[in-house]
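Both complexes below contain subunit A, partnered by subunit B and then by subunit C.
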Partner chain A sequence: MHSKTLGWILLAPTLLILFLFGVVPFIYVVFVSFHQWNPFGANPNMVFNWANNYRRVVFDAQFITSLQVTAAFVFFAVTSQLILGYALAQAFMRDFPGKSFFRTIHTLPLIMAPIIVGSVWKLMTTPSIGIIPNLLSNWFGYDLNIGQSATQAFITTVVMDIWHWTPLVTLTMIAALVSLPPDPFEQAQIDGANRRQIFWHITLPMIRPAILATLFIRLMDAMRTVDEVLMLTGGGPGSATRYVGVHIFKEVFPRTNYGYGSAISVVVLYLTIVVCWLMYVGLIAPRNKGKG
Partner chain B sequence: MSHALKLGASVLALSLAAGSAMALDEEFYRQAGTEFAGVTLRGVTESTPPSNYVREVLAPRFEELTGIRVDIETTSWDQMYDKAIKDMEAGTGIYDMVYIEQDIVYAYLARDFLVDLTAALEARPELKAPDYDEGRLTSFADYFRGENGNLFGMPMEAFIKTYLYRTDLFDDPEHQAAFRERTGHDLAPATTHEEYTHIAEYFTEWGQANGGNLWGTTAQAHTGHPASWYEFFESVAPTFGVYDWGIDPENNYAASVENGGRMNSDEAKAALRWWLHLRDIAPPESVQSTWSEVATTFAAGRAAQGLVYGENAAWIASDANQSRVVGNVGVALPPLAEGVLAEVEAGEGYIGYYDGGAFGLPVTSTNQDAALLFMQFMAEEELQPDWAVAGSRITTTATYDDPQVQELNSQLGGYFDMMKDQGHLFAGAPAYPFHAQVREATAPIFYDILTGSIEPDAGLDQMAAKAEEELTDLGYRN
Partner chain C sequence: MKPERRPGFLPIQTNWFDRLFISVVLWVALSLFWLRFLEPLGLSIWICVAISLILAAVIIRRG
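For the complex of A and B:
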């Protein structure tokens, strides 16, 4: 009893902070989402408008487009990060000259603020001035203009995200790989298993929890990406990189459409939870059920 | 006393009088500051040359005199508004000064976000600097006056978005001969859109044939940033006679031709087609250029002419560390469609954007009296010339005549003279309290026009409809 009370006392500050900065703002956003509220409207006050904002979300072509491009962005960025991150982790598990140096260099993007990443990539990709368009033009005769080509802009944002966040995946994969016990691998080698079989039947199942945890973290992060993309393309050209985070930003801040922007935020949060739940159901739950 | 001696004495007396009028009353600020010992004023503003001067020069000097610390946060244009609006909306009182660009002031006034500076100083006469006089401000200050005629923002930067051209190229005999042979006209700053196009096409073709580092024009044509929207509606459309974004405030805020607006009028469509053609023959970076990048493009010597925000004119023309066209910058009025100048001189429109901003004092500030002191300090005559040279901005009429400013004016090809004598032909943003809302509602369609996803004519039709829809949603249009 005593230890239970002490436990709650120790948890209290965390719970209080979580309540004040997590739960209260969320409830407020839900509250605002049921109002028409633009402080620069003829009536700057909040006016309750039932679920009209939610009804509008469903028919908002811009929002639907932003969801589609976000889904593509998340798929390509997160998948690439997982594959590359694992490959790099495997590479860093081996000894080679300059390993420490490369490992340090490789993690540098991770400590950069997203807004800086966006600025750096903007400088590198500005048509005809940036180093990347110049090199592509000189070496391959390829014309990169992310201000004009929707496809190039989309790919560039994906590559930028991969560059920024792959080190996180690499670090978690390294942490998972170094913690693996050597016995199953030695046993498999004695039994004559090849590298592919060892990967599929031993390594992958054993690091699966780490992969899934990383996947969820990256998935949620990628779905709310704003700063980098806003700095690099501003959501353009056109709506090519107007991902949901950018769309919400533009609705809520410059347009001060607080009510509708809140409704979109709630819908996106709901969709994120649904996607994560579906992945949980598809990837984790069956395995746990099998164990039971 | 001889006539010459009398004249000399008069000149000396006038000089002394002028000198004393220009001198900063340091004693007043020292004494006034004692009341606010330990106070820190916080301001948020866009990172521009004039704002950076406030942070780096004026704020330390003010602190030295008064003991009042001034922290000026310079950030991006979007972030600045985001921070200021959230602070004033929530009433948190973080900021004691917020940058109010001329285009947002009407929205702030509509929400009663700002302190009436005139009334506040009348209520606290002991805080009024002895030589402070609103009458010394240029007419640009009128953009920051409320319906009662009082000042709600202290102007700190003002400039016109003007037509810059490269004098070294325009004066080059080889170019003049080649241009004359090609067009049958002399190579001179364009006065019509057709002339401008001819010059742009000539230099772009010449540039492509001679190393590919020169283009005929700049274009502020970012495909995802409102800078492109502004270039069209504030700088291009007015030269075709489409003012106030094509929205008619006297006619139920109509935007479409069908309802009496002009956003999708034939003139607006002609303007857009003209500008899109220029964008196509401008440097490739134009599709990612906002106002800053356009200035950089011109300063890098990559464009023969262009519409450039005046805040950048000084460093482009005079700072050899940043600009490759020092000494080669000419300035002229933007090219105009027939009849526009006469219309504007008759007071029915404007030919370009009179840009600028002021520092406003939020009603939520907890240090209003100390902030009032700083506001007046910013308007001190003694501080104006250096500030004008550093940021090519002028907000008091006397600054035009300062020798330093006159010297820079020569380097700028008469930019300050143009601002003084022809500034009345330019205008700030229309007095709309829904500025950002209509812009953001229509901008995605505009970006689609820029990428070619929508035809320009159809795009403007859609934008006009969208503007009316947004205005209806906001409650301004019935």
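For the complex of A and C:
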């Protein structure tokens, strides 16, 4: 059999699954976003309403606020995860007593379902019974009450996300660092390069693809955070932690407003794609205009 | 799909699918901007559609 045909036959199951579970739902959501549809409302039928849902989206102050807090959340969480993940990976590259033990337990948050993470953090941050407010109060005289303070609630969700997802970054960085060839480092040391120069001019450029892949994964993941935050703060107080995922959830499920919820989902998907594409173009794509 | 080695006005090397993608991205951005700021002034969204289609044709052919 021709190798190209065999290739397509082998790829066919994956493509079919991707089409069924990726492309078809996307088309359906776009279709629903152009309709007024509340199956539990007075008129349960889908009514085509042109771009009215999108008109509502661009004037929805709560949605625009949720975009702003999501941007802040994504920036602080992902930046911290990348820095911490790299630092931990460097630490795990060295030998110290109990290294394999720590290396195993530091990945434990990764295997927890987000809803469990949210529940555990809710328990840990509840004033009067939670360990974190208790310790902060006893040690520093600081009152932590995420039900009242918007800033504290926001910071707590960022810290929770960092705690949950930093191990993923660490694992990726370890994989990248382990695969580096030793020769460039030895040559740099022979040439008298210091640690900072080695980091900026050898390590960082060589692990750049791994950093960028992790950045994209975490960016897309952080932009659709729902369950952890919903469990921990419920999107409050006010709209301090009402990230876009939480906003969509509250619009679609309690209000059963599927048409409008779909329109918001499409806009958020669009923004996610654009952010990732712009970063791809800025950081990865070759800039060789004029060579053709 | 390999990027074509052709001189276009876009600052990156692209193939026709990239240019189609860029056109759709611009179309959506322009439409949302139009709905938010220009439609309330009385300018119909169909003007935006026409501009977007012309823009898409230019980008796909010359980008």
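For this structure, a couple of remarks:
Everything that follows uses one rule, which is that the second predicted complex is superposed on the first by the 284 of 292 C-alpha atoms of A that agree within 3 Å, B and C clash if a C-alpha of one lies under 4 Å from a C-alpha of the other, contacts with A are read in each partner's own complex, and residues count from 1 in each chain.
Everything below uses one rule, namely that contacts are C-beta pairs under 8 Å (C-beta built on N, C-alpha and C of every residue); 3 or more make two chains touch, one makes a residue touch a chain.
Small disclaimer: the values here were computed from a predicted structure and weren't measured.
In the superposed model, A:Pro25 makes contact with neither subunit B nor subunit C. Once the two complexes are overlaid on the shared chain, A:Val267 sits against subunit C while remaining clear of subunit B. In the superposition on chain A, A:Ala42 makes contact with subunit B only, not with subunit C. When the two structures are aligned on the shared chain, A:Phe59 is found in touch with subunit C, with no touch to subunit B.
Shared-chain residue A:Arg255: touches subunit B; no touch with subunit C.
In the superposition on chain A, A:Gly7 contacts neither subunit B nor subunit C.
Of the two partner chains, subunit B is the only one that A:Pro237 touches; subunit C does not reach it. Set side by side, subunit B and subunit C differ in how many residues of subunit A they touch, and the one touching more is B. Of the two partner chains placed around the shared chain by superposition, neither subunit B nor subunit C is touched by A:Pro205.
Common to the subunit B and subunit C contact sets on subunit A is no residue at all.
Within the complex, the subunit C residues that touch subunit A are 4-7, 10-13, 21, 25, 28-29, 31-32, 35-36, 39, 45.
For subunit A in complex with subunit B, the touching residues are 38-44, 62, 122, 126-129, 145-148, 150, 233-242, 250-251, 253-257.
On the side of subunit B, the complex with subunit A involves touching residues 78, 81-82, 85, 89, 107, 110-111, 222-226, 283-288, 293, 433-434, 436-437, 439-441, 444, 447-448, 450-451, 453, 473-476. Taken together, the subunit A residues at the contact with subunit C in this complex read 51, 54-55, 57-59, 267, 270, 273-274, 277, 281, 285-292.
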